[in-house]
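Both complexes below contain chain A, partnered by chain B and then by chain C.
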Partner chain A sequence: MIEVQEQQNQLTPYIDQFERFEQDSELSPAHFLPIRKAAIARFAELGFPTNRDEDWRFTNVAPIANMVTSPASQRTAEVSPSDVSPFLYPELDGPLLVFVNGRYCASLSHTQSMPDGVRVLNLAEAISAGDPVIEEHLARHACYQDRAFAALNTALFEDGVVVHVSKGATPDKTIQVLFITSPESVATVAYPRVLVVADESSQVSIVESYASVGPGDYFVNSVTEVVAGANATVDICRVEHEGDNGFHIGSLHLHQYRSSRVQYHLMSLGGRLISHDVYALLDGEGIDCSLNGFYVVEGKQQVDNHLWVDHAKPHCDSREFFKGVLADQGRGVFCGRIIVREGAQKTDAKQTNQSLLLSDRAQIESNPQLEIFADDVKCTHGATIGQISEESMFYLQSRGLSKAAARNMLVYAFAAEVMATLKILPVKTKLEAELFSRLPRLETTSA
Partner chain B sequence: MVDSTSTLDQWEQSEYKYGFVTDIESDSLPPGLNEDVVRAISAKKNEPEFMLEWRLKAYRSWLKMVEPKWPNVTYPEIDFQKMVYYSAPKQDKDRPKSLDEVDPKLLETYTKLGIPLSEQKMLAGVAVDAVFDSVSVATTFKSKLAEMGIIFSSFSEAVQDHPELIQKWLGSVVPVTDNFYSALNSAVFSDGSFVYIPKGVRCPMELSTYFRINAMSTGQFERTLIVADEGASVSYLEGCTAPMRDENQLHAAVVELVALDNATIKYSTVQNWYPGDENGVGGIYNFVTKRGKCLGKNSHISWTQVETGSAITWKYPSCILQGDNSVGEFYSVALTNNYQQADTGSKMIHIGKNTRSTIISKGISAGHGQNTYRGGVTINKGADNARNFTQCDSMLIGSECGAHTFPYIEVKNKTAHMEHEATTSKIGEDQLFYCRQRGISMEDSVNMIVNGFCKEVFRELPMEFAVEAQKLLEVSLEGSVG
Partner chain C sequence: MLEIRNLHASVEGKEILKGLNLSIKAGEVHSIMGPNGSGKSTLAQVLAGHEAYEVTEGEVLYNGKDLLDMESDVRACEGVFLAFQYPVEIPGVSTNYFLRAAMNSIRKYRGEEELDAIDFLQVVKEKTKIVEMDEGLLQRNVNEGFSGGEKKRNEIFQMAVLEPSLAILDETDSGLDIDALKIVAGGVNQLRRPDRSMLVITHYQRLLDFIVPDFVHVLVDGRIEKTGGKELALELEDKGYSWIEGAASTAV
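Up next is the complex of A and B:
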């Protein structure tokens, strides 16, 4: 009974927050209110996951559940351009949208260089304007029915981004979106929401970044929905730079149609707990879906990646390639599941998870899973966990490299394989440089 | 295609070859389970006090447990109060001293099963502790083994003759509170086998027990305990066939292995219980807890299994690698046809330094069969230089079957080397084509390819078993290509 009571207490502040949404017709217009209501009801039912839930066996979300959070305030004035510049890529001259504490900040953004055929809107405005894309797609792909955090976001998000690429448009500019948190004296919570709709035969590339300025506890609960229409090409790079006291629980809900190609890169580079769910539904023939991930954890950080790739139709290819470097007391969890539905013949699915442990106190759990109901398929998965090989170290040292340099080089080489999949060059260059600068620190904390 | 369709039909219709019921009056307890039943079983077996205490403890903890629902299998709810927990052949009180005294009907059963209980056994060099339902009827080669100090007897005899060994080792690997079915087994198990190999002794022959389920609606709960003392080595074979019938039967056995310093235990299983008919009616539920503990330094435990029977197989032979330099191995072939379901795999828990483990699992699904590999490899903090290699391959025959892989890998030591590989594919069309164009029949081609697929595992089986396993697979695979 005490447990039930405790759980209720954890949920109450969130459910209270919802009341505001019920009254506000701007945030919850008539067509969207039922979805919000269903989502909060579902969240109230599901509650926060515990270690007894299979997917959260190794992840303790109690610090989030017990955190007394209030919605983040709109203190945009305190975030200056110099605060956000470390997380931007100036070489990309496309539109830039900056959100502070979950709300759009016009002064830090620029949307004038909008390419043809692309609409980049802020979600709050698009909802109240009743944009048809919103009605058709928003919350239609996120599985809030069975994921508590996706339900929470669906019920309580206020703002975010909508990217809509119309049929046949192939803009050559990359769209940048940055969600920055400016922690306050009390723990805050923000619910960023992203919707990307690429119509038939269109092409789009997006950099989605999450970061924070200053110390302080906070919780970011994000949901991204991506719809890739027939023959569309989508490239999304998600970079997570949360602060040391930041919790980020996010999910991507990807719906792919016939012959579409999606490349998704997930770079987790900071945060106390970063948990990321990816649901990819391959709903048409000839689809190509590639999910790449890289993470570095140190201190007491933890990174979780849960992937579901659902091959619902025949003749689709999927690739999952995740690598992690674990230093100090860092923890990593990888759960990948490939599902091949009955009749999804000629599926070619591959899943790889490799982890490099640099410290004795680091921990990794890796569960690469296959669920297959069709016979004419090619599915493989592989997981390796290891340390830097002594032989490689010896070889490099025998060539005159210092021990530290040799180690750095080998860790970098381990990471480079994933980094090489990044297609947006400025992002790749910057992340590589950042990784390089962090290597000596990884070295010392793990020694 | 005409050929393959007809062979598929043939396979689907191929009958279970070992289906028959021996008609013997059973001395059974009424169905149902309560403390009195546990006491009655213990009393019937004339057990010492500590055994009764142990059973009651297991029963009480079982009451608090919930039936696990996580395996990837579906079956109707089991009513534990409708089962009969004890049945023994009538001759329980005056046990046969020699083969002549054994009920001829039993002997007939064994002959049908091909158990070499008579002269041939000697030639085969196999000592058989045949469990007919719940009471062991005959144990051969006992005296020969006794000369070397090896104890190989039925569990109830061991409880009478060597209570100190039982008390010391029973439940040391699978404690009474371990899981739902092992707790149930601990409370009501009627018999099983006990093996003790003394210090420095290499067991000169393969030890073998044939279990056989008989008597309607009797769940069989065997208990096997094998202890290999320092420097000892033993190879143990377990094989199963069961009569054909419609009612589902629960089989919840527990096998415990203990290997002390420098000891080696090799445990091989061929499981061919009644899998149910082609519509998935009937068949055995096989929910088994098998676990070995490499307690001593340089100890070695190896599990080899060939699973072709049972409606539902659910077991994870595991190794706890506690001693430094200990080695755990698991080789498995699991075949599911018609509506069979299997959720099987292995757990390797690395605790000691320089411990090594290997998991090779081959799953074959055909018809509507669902085959799941579920494995866990845990490398604990102190397990320096632990090494694991896991390979699980699945082969799919037909478009309505399923193959699933759920590995769990947990590493807490940076010196660990951990590799996991899995592949799933259909039976190779080009391979089939090649064999066919050389004039080999469809059936033989499939058998050949499947046997090749499983070769890595068959290689690990003792010779007699390897031949049997290959045959078994062929029988189960009749007409397997659609």
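Up next is the complex of A and C:
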């Protein structure tokens, strides 16, 4: 009984928030309200997950559930260009959209350099305008019926980005999106939402960044939906620079059609708890889906990556390549499920998860799962968990490198393999530099 | 240059070196031969500063300084180089990047200016010729996917770049065919200098046909039991080690 009561208490603020929310006809116009209502109803039923849920066995979200939050958007934060500049890539001279506490900030953004055939809209406006892309795709791919956090976002998001690339358009500029949270003394919650729709034979490249300024605790609950139409090419790099006071539960819901190619990167460089789900539905023949990830945890940080790759049709290739560096008491969770549906012959699915533990107290749970209902497929998975090799250390030191330099070189080398797959060069350069500058802080410790 | 006195060393509690004495002067090439398990590689690892080996007794003076008191990287900066019997593969680090970092670390220690990528490349290109090494290997990750011969060549190439004053070659000949052996030995010979000493550890006399030592020592059960000139190697080839081992056990 007590437990039920406690759960109710955790949900009440969010349900109250929704009641105010549904009165707002701009945020919840009549055509979108039924989805919002269905989502909050599912959230109320599902509640916050606990360690008894299979997918959350190693992750405690109680600090989020018990956090007394106020919606970030109700705060008028002073965020200056110098606050956001560390998280931007000036070499990318395409459109830039900055959201502060979940709300579009025109003064920090510039959208004048929009390439042909590309629409970059702010979601709040697109919803109230009843844009047909919204009608067709928004919340049609995110599985909010089964996932509490996706449901919560769907019920309460206020703003975000819509990127729509028309048939055959191949803009050469990368689109930058930055969601910045500015928590002050009160814990805040923000619900970033992204929808990317790449029509047939189009191409798009996006950097999606999350960061924070300010000392307070905060919770970011993000959902990204990506639709890669037939023969489309989509390259998305998600960079998470959350602070030690930040909890981020995010998900990517990817729907790929025939012969589309998607390359997705998930780079987690900070945060108290970062948990990220990827649901990739390969819904056509000849699809190529590449999901790459890299993370560093130190202190008491935790990073979770849960991936579902659903091979629904034959002749598709999927690659999952995730690496993590864990220092201090850092924790990591990797769950990768590959599903090969009946008839999805000639599937070629490969999953790799490698972890480098720098401390005796760091922990990683790596859990590959294969569900195969076809008989002519190639599915491989490999998980390695290692420490820095003493022999490699000795070899480098014997050539004159100090212990610290040798160690940094080996950690960096471990990461290099994932970094090398980043196609957006300014992002690659900046992340490499950032990682390198952090290495000396990642002390090798023994209990 | 190098003075080893009564060196005792053990690994995982097992004593391997049991009172080893050896003195090497500048410019000399000394060879250490001995049966399996006699402690040849242990000596190399101890001199290079591997932490798994514990020195329980004795001292090693290098240019008058206490070598055993130095971290392995400091030894390298002071001019000690070990060519590994089993060079380590380092995925993700290019040979070029690794070697420039090593060279600059040593230069910095010596108060010399660090080399930028362009100057460094000029230096190394010259040095690849010493062991007829393909320049393409510089772009590849350290020893990753190298053949046995390429790995050993890479060791001597690194020695050429880092220009040590004491080079320890640990079974650099093992596993090489005669062509590769000639190239590696030829490289070593080009690096002989009046101010550079070498300690050549080998299991096979054949190497010493190409790298002709000034002294040959026979290591048996953690101690040097016999020392002679280059002709001692031939005698060993003829008679094997048993006559020395026999003499050693009789002496005990």
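Everything that follows uses one rule, which is that the second predicted complex is superposed on the first by the 438 of 447 C-alpha atoms of A that agree within 3 Å, B and C clash if a C-alpha of one lies under 4 Å from a C-alpha of the other, contacts with A are read in each partner's own complex, and residues count from 1 in each chain.
Just so we're on the same page, a residue touches a chain if its C-beta (ideal position, glycine included) is under 8 Å from a C-beta of that chain, and two chains touch if they have at least 3 such contacts.
For clarity, every value in this text was computed on a predicted model and none was experimentally measured.
Upon superposition of the two complexes on chain A, no clash is found between chain B and chain C, which fit side by side. In the superposition on chain A, A:Ala374 contacts chain B only, with no contact to chain C. Using the contact criterion defined above for the overlaid structures, shared-chain residue A:Ala383 touches chain B, although it does not reach chain C.
When both complexes are overlaid on chain A, the residue A:Thr50 reaches neither chain B nor chain C.
More residues of chain A lie in contact with B than with the other chain of the pair chain B and chain C. By the touch criterion stated above, A:Lys403 is placed in contact with chain C alone, chain B being left untouched.
By the touch criterion defined above, A:Leu358 reaches chain B but does not reach chain C. Within the superposed three-chain model, A:Gln345 lies in touch with chain B and out of touch with chain C [touch as defined at top]. Working from the superposition on chain A, the chain A vertex angle toward chain B and chain C, CA centres, sits at 70° in steps of 10. By the touch criterion defined above, A:Gln10 lies against neither chain B nor chain C after alignment on the C-alpha atoms of chain A.
After superposing the two complexes on chain A, the closest approach between C-alpha atoms of chain B and chain C comes to 14 Å.
Taken together, the two complexes place no residue of chain A in contact with both chain B and chain C.
Those residues of chain C that touch chain A in the complex are listed here as 48-52, 71-73, 75-77, 81-82, 84, 87-88, 90-93, 98-99, 101-103, 105-106, 109, 141, 158, 162.
Of all residues in chain B, those touching chain A in their complex are 70, 381, 394, 396-426.
Residues 389-392, 394-403, 405-406, 409-410, 412-417 of chain A are the ones that touch chain C when the two sit in their complex. Contact residues on chain A toward chain B in their complex (touch as defined above): 54, 58, 342-343, 345, 355, 357-360, 362-387.
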